[in-house]
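Before anything else, here's the structure in question.
We just call them A, B, C and D in the order they show up, numbering each chain from 1.
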Amino acid sequence: MNEIALAVQNVAVAYGEKPVVTDVNMEFPAHQITALIGASGSGKSTLLRSLNRMNDEIATVTGQINFHGVDINRPETNVYRVRQQIGMVFQQPTPFPMSIYENVIYGLRLRGEKDRTVLDQRVEASLKQAALWEEVKDRLQTSAQALSGGQQQRLCIARTLATQPEIILMDEPTSALDPISTNQIEATLAQLKEQFTIIIVTHNMQQASRISDWTAYFEQGKLVEFKPTDQLFMNPSEQRTADYLSGKFG
Amino acid sequence: MQKAEKQDRLATGLILGLAGIAALIVISLVAYLLITGLPHVSWHFLTSSASAFTSGGGIFDQLFNSFYLVILTLAVAVPLALGAAIYLSEYAPQNGWTNALRLAIEVLSSLPSIVIGLFGYLVFVLRWGLDFSLLAGALALTIINLPLLTRACETALQQVPALQRQAGLGLGMPKWQVTLKIVLPQALPGILTGAILSAGRIFGEAAALIYTAGQSTVNVDYTNWNPFAPTSFLNPMRPAETLAVHIWKVNTEGLIPDAAAVSSGAAAVLILTILIFNLSARGLGNYLARRLRK
Amino acid sequence: MENWHTYLTGASKERQQERRGRWLTSLALLVIGALVVTILLFLIAKGVRLFTTGEGKLTEFFFSPTWAPGAGVFGAAPMIVTSLIVTVVAGLIGLPFALAVALAVTEILPPVAKKLLQPVIELLVGIPSVVYGLVGLTVIVPAVRQLVGGTGFGLVAAVGVLYLMIMPTMTSMAIEALQAVPKQQRQASAGLGATRWQTIHRVVLPAARGGILTAMIFGMARAFGEALAVQMVIGNAAIMPTSLQSSAATLTSVLTTGMGNTIMGTAANDALWALALVLLAMSLLFNLGMRLVTKKG
Amino acid sequence: MKKGWLAFLVIVVGLLGWGAWSAHSSGQLKQAKVTNVGSTALQPLAEAAVPGFNQQHPRVNVTIQGGGSGTGLSQVQAGAVDLGSSDVYAEQKKGIDATKLEDHIVAVAGIVPIVNPKLKVNNLTTDQLRRIFTGEITNWQAVGGPDEKITIINRADGSGTRLAFEDLILKGQAPKPAQEQDSNGTVKQIVANTPGAISYVALPYVNSTVKTLTLNGVKATAANIQTNRWPLWSYEHVYLRKNASPAARAFVKYLTSPTVQQTLVPKAHYVSVDEMQVHRDAHGKLSPVKGK
């Protein structure tokens, strides 16, 4: 097994009094794609959003989340730096109302990068990694909101890549897209894992089996099973996992 | 479906009919004021000072004071209201206290201007020693406009989709940056509408100013650009009568024989002034929005 | 290892910015809060003096129909009733018109209609009360005299003037509220085969309810607080109105009429501040009531 | 953006601080600022006198504000302003200690009944006028006019003009509850626009939009007021505190000087104090002026 990018210990998440995730322990391997699957409400998205502290204001997260040996789930943590290292791509494409170019370098600009050549290079590199470069290279200064949904989502991936995080969290990144765009993004992800660790929440089991190296199955806020993807799909050790995979619930 | 379509046609007709009536009333009101007022407006009227009891006075000082007061007031009120709105919309926990504060601010908006004016007189003019001054007037008008302005800013901020905020936060931006760089530019049109409505109220307010900015304009030197000089037109510490106060004064206790002409002329000028102000404010707002997005 | 720890827990520009932002905005809110509290305390302190000095009695103040400060009789009931009637009626008449204009420009007419109408609407906010009062005096009062009879001065004319005055604020805010409803929701509804009216009625209006309520609150607040214009057309007599055409006086108009003519610290002046306090309390109740209604509805 | 905010805050705080400071220091060092608050009727006259006064005393900064006689008297008594103008005697106002104030009469204003210009009535007797305002007469027919309802417009309770009118015409009887307006201009506008309306205003406010009535056949002219043949008039007062500043005193002195009394006062349609042949004290008692 590879190096560990992120280790979760005894993590529980509650919205007010209502527990949503209970007692999760898992280790995300570096430079791999880990898929989190499970029914709606199983707590997988909630867990994902806790990993870079995006749940701070709406939920109470307890337990430890270790990143480079530092528990980032502590009050003294600098959440901005955590999020700069652990980026996030959302279900809905969220381009800002500005040009494609400005969208990609947005994070960099805020960190004070002013050198034009650095910015230009980063834009090109990020858009290439997100497999969008060829489609937009001639209209970088046009509005990002004029792009198609699939292009917008790849732009959002490029925007996250441009900040050069270690880990990218993806919350059902293709569920709002058409099959062709979905394919393009899946192809992109396979390329990206050489450089990044990817954790992806998906509803689509085929997608999980196609792209991920590891898969975790969640049910009712609990981690049921966490294994290399082919093992989980071919040979689940838990009956509940098997039922879910074969379409039987409960 | 037949019935639904019929209903649709009926409702559309009703809405357009009511809207048409309202638009007609509004437009004829503006037209009435312009038609009765514009014949009295001349270059002399716009550029000379008011007279105490002879006819032929102008409104130059009042016109300038109105403008200046709008700018002073907005300079105080907009940052305050916007700051509070940002706190309420982005930071504040949604609990009873926050709601109570919102309610208190809103209730303030139904106080009659004269009460705010007297409060301003007793507190700003006397207690703080600001005397009858533009600044005291601006503070009183700030109180009058805060409720609507805060509310308009908050609504505008909340109209920006939550997804945009998440995307910013996901990039590791602090909330403050997300608010300034992503939310604010998108909320600007709404904020601007609020500010323009406020500017309108400032242009039109009289009762609150009688006791604060006062109703006389003395010794104004339009060549003195030092805002600290007592006679400078830019000095915020000088008393100043605005156009609305002048209209009020002329109609209530004015001694000039041409009161009706001055009043309707001033009203027409006021309307045109507000129109110009609003259009340029929108232009400036759009320009700012473009700048902020860079 | 040690590096990561300092990096992930240490100070950064972002933290500073965040702290400053939070501080600045909470300061703004604090200033406003302090201002609001000061004004409220100021009004309460001034408003209760009439009763603490023993010059006026609470029961007389709220139930007596006679307002004669010169004679030491302070019955505010006529003004409370009048203020309430005038404001509510103006608001109820104004709302359908404001909504209709807002719906027409956001849902039905092409965008150019909004571009043309909005500046005109915003203009009206800036027309001074006195001018509204003069229009009322020269147009509305004679019209009422012709149509309803009597002198023309009274509740009807006051409602007419207030309707003119609160329309712009209400319309403008209603437009903002309707525009806040996401386009997708309208499309989704239209996609299900709903007619425009069904979409407006079932999707847009319910979604914009809060904003429309706010528009109504601010419109009526303006009506509550308006003095000069109302005073010129309502017949400004502090007597209990008996019909829609009878003369009356609102809290605000009595307050404004009397303020300059009374000596601070005397019962007559205290009584005016008591009126201001009543006005505040009524608008508070009103606000709460409307919130309750929309929450249920 | 954030810098802008900060800069803004600094400016506001700075302005507030500086404002407070400058007001403080100017009050102590130069003693050359005079503020007059009060009677709106006197405001135009006082304002017009400022330029002439400044020729004599260029360094004195005079501010004339309205606010009403009540405000003028309260504020001068409280020491908040230097001068309080009023159209009633301080003695007539509850809550004012007249012994602490110094009365300066700067002008005399005639008060005249006005009616809608279309009304065919030109003269009333004092008795008829009283019975109209007490509600005994409600139709113009009773005083020889057309069959038309009388609409009474009264002045606000506490206004100087109303006080004078009640003292001189109603003689202690209570007026009928009626429409009340707090300014001469509004009263005039309502009378001009309402058929059958009657009210009264200060003489300087009369213009062609309303019709003035003669009282017992006497016209409201300056000459008739001077001799009290036209009995309906009142004083315009400026009150000083006993320890008023020299600058404030100088301004009041200028207002009562012949320069103002012989030019501005008649120009504003007031009657000069110097020309009055009778004097009326705070209790309404008339006495002849010596030497006239």
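Observations
Note that a contact is a pair of C-beta atoms (placed from the backbone, for glycine too) under 8 Å apart; a residue touches a chain by one contact, two chains touch by 3 or more.
Predicted model, so just to flag it, every value in this text is computed and none were measured.
For the pairs B-C and C-D, the larger set of C-beta contacts lies at B-C. For the pair chain B and chain C, the distance between C-alpha centroids works out to 16 Å.
Chain A and chain D, compared by their mean Cα positions, are separated by 78 Å. Our note on geometry: chain C versus chain D, Cα centroid distance of 34 Å, whole angstroms. The distance from the centre of chain A to the centre of chain C, each centre being the mean of the chain's C-alpha atoms, comes to 49 Å.
Within chain A, the positions touching two or more other chains are listed as 80-82, 85.
Shared contact sites, meaning residues of chain C that touch two or more other chains, fall at 14-15, 17-18, 20-21, 24, 134, 256, 259.
Residues of chain B in contact with at least two other chains: 79, 83, 161, 172-174, 176-177, 180, 251-252.
Screening every pair of chains for touch gives A-B, A-C, B-C, B-D, C-D.
Only residues 52-54, 75-76, 79, 83, 126, 128-133, 135, 176, 180, 184, 210-211, 214-216, 218-219, 228, 230, 236-237, 239, 249-255, 257, 259-260, 292 of chain B touch chain D when the two sit together in their complex.
Only residues 67-70, 72, 74, 76-78, 80-82, 85, 111-112 of chain A touch chain C when the two sit together in their complex. Residues 17, 20-21, 24, 69-70, 133-134, 137-138, 141-142, 151-153, 231-232, 235-239, 247, 249, 256-266, 268-269 of chain C are the ones touching chain D in the complex. The residues of chain B lying in touch with chain C in their complex are 1, 4-5, 7-8, 10-12, 14-19, 21-23, 25-27, 29-30, 32-33, 79-84, 86-88, 90-92, 101, 103-116, 118-119, 122-123, 143, 146-148, 150-152, 155-156, 158-159, 161, 172-177, 179-180, 190, 193, 196-197, 199-207, 243-244, 247-248, 251-252, 263, 267, 270-271, 274-275, 278-279. Interface residues of chain A facing chain B in the complex, by the touch rule stated above, are 52, 54, 80-85, 87-90, 92, 94, 96-98, 102, 106-107, 110, 156, 159-160, 163.
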